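Structure first, commentary second.
Labels run A, B and C following the written order; every chain starts at residue 1.
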Amino acid sequence: MPAVEDRLRALGILLPAAVPPVANYVPSVISGPWLVVSGQLALGDDGKLDPAHIGKVGASLSIEAGRAAARRCAINILAQAKAALGDLDRIRRCLRLGGFVNAAPGFSQVAAAMNGASDLMVEVLGEKGRHARTTVGVAELPLDCAVEVEALFEIADKGL
Amino acid sequence: MPAVEDRLRALGILLPAAVPPVANYVPSVISGPWLVVSGQLALGDDGKLDPAHIGKVGASLSIEAGRAAARRCAINILAQAKAALGDLDRIRRCLRLGGFVNAAPGFSQVAAAMNGASDLMVEVLGEKGRHARTTVGVAELPLDCAVEVEALFEIADKGL
Amino acid sequence: MPAVEDRLRALGILLPAAVPPVANYVPSVISGPWLVVSGQLALGDDGKLDPAHIGKVGASLSIEAGRAAARRCAINILAQAKAALGDLDRIRRCLRLGGFVNAAPGFSQVAAAMNGASDLMVEVLGEKGRHARTTVGVAELPLDCAVEVEALFEIADKGL
């Protein structure tokens, strides 16, 4: 399999600068062979939310827009993983994604939106990207972002 | 203590076939001595949601109905654990359940509904079933299911 | 760095008695070098919710009130950690906080409320308190509490 960075290039994905958090927490922590990544919003390369990623999926935003926001969250997760690990090839596996969809009342197709994150992870990491997942529809998200995704990775070279 | 399968039989619980996910994720992953199980809905033996498990707890569904849905989620978690481990006696402990209740506006008795999952885990696993837990009421769940539950287990024979 | 208990004293924080759960789950579990703490509400020293911590942030409660509730959840997390570990100096690091804010419709400043928990963790634990974090706004919480926070810690003396 090609190196993860090669895949990103082939997919035309440029990882943004990892966004530092604005409060007393950190974007990720490493504990033994695990990398825990904080919930990521769909922030763009400029660190701001594109209006296309703001609002409730199923109301002002379509499922497709939700999927695009979830994909962007996953890209930001990989940016944080790269900042933490230096090299994305150190990822042995994406173990889990937790997906929170800013859902309009009565909109239950939250899994379809979250697929944008899951698909991106498998596109980039191949079999190593296949993860356990929990998806729910929440009432509100920071900055009224359409989707927030958190992640847990296993690191290859930290002895398990 | 009798084997877990014996307990299931004594309780009259037949584990369903583990439901495969319909997207780019997997029902569970093993990492070292941990088994992470994806969020499970209250799907029935036929892989479909019984109407009794659809809707908002505190509105169209009673607390009792919520509890029954949570119990079904826990049964599906055990089905996924069995599919992953082969033998449920390999479980050393259920470490954590995360419960998401599809809550009607103003319905805050979400813990009472989630007890259906916690009680099942202890009925089946005994002391090994006593877990840490987080329960929240969410706006929407996939398929408008009443409850979704995710789980983390410690595996007995993977050296901790 | 002074011992954690000294810091608590200097901050004027008296840890409450750890609140036992009222159902088939436990306040925390230890698995290898990890301590998983169940979602904690903002219960007071008497095990009850102060009215100031009840209701929706952004409606009946201000952001400041939400922040105070989140801070109280974090204090209760430390009380559970002390009950589990005996000595808070056994904490090597707070790895992750999961924050669930009982958000009024349209209130997206949930991260500002959750900062009350993150700030407390860093005040008390110093650099060891800097954690990964996920914050979402949920529809309902147990007892209509304003905030619920769960935690994951790494234990110093359990060999990683």
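Please note the rule applied: a residue touches a chain if its C-beta (ideal position, glycine included) is under 8 Å from a C-beta of that chain, and two chains touch if they have at least 3 such contacts.
Bear in mind the structure is a predicted one, so any value in this text is a computation, not a measurement.
Colleague: Over half of interface residue numbers shared between chain B and chain C means same, under half means different, so which is it?
Modeller: Mostly different residues.
Colleague: When the Cα trace of chain A is superposed on that of chain B, what is the rotation angle, expressed as a multiple of 5 degrees?
Modeller: 120
Colleague: For chain B versus chain C, what separation do you get between their C-alpha means, in angstrom?
Modeller: Measuring from centre to centre gives 25 Å for this pair.
Colleague: By the touch rule stated above, which residues of chain A touch at least two different other chains?
Modeller: Residues 138-139 of chain A touch two or more partner chains.
Colleague: Write out the stretch or stretches of chain B touching chain C in their complex.
Modeller: 33-34, 93, 95-97, 101, 103, 105-111, 115, 118-119, 121-122, 129-139, 152, 154, 160
Colleague: Which of the residues in chain A come into contact with chain C in the complex?
Modeller: That would be residues 21-29, 31-32, 36-39, 98, 100, 138-144, 148, 150 of chain A.
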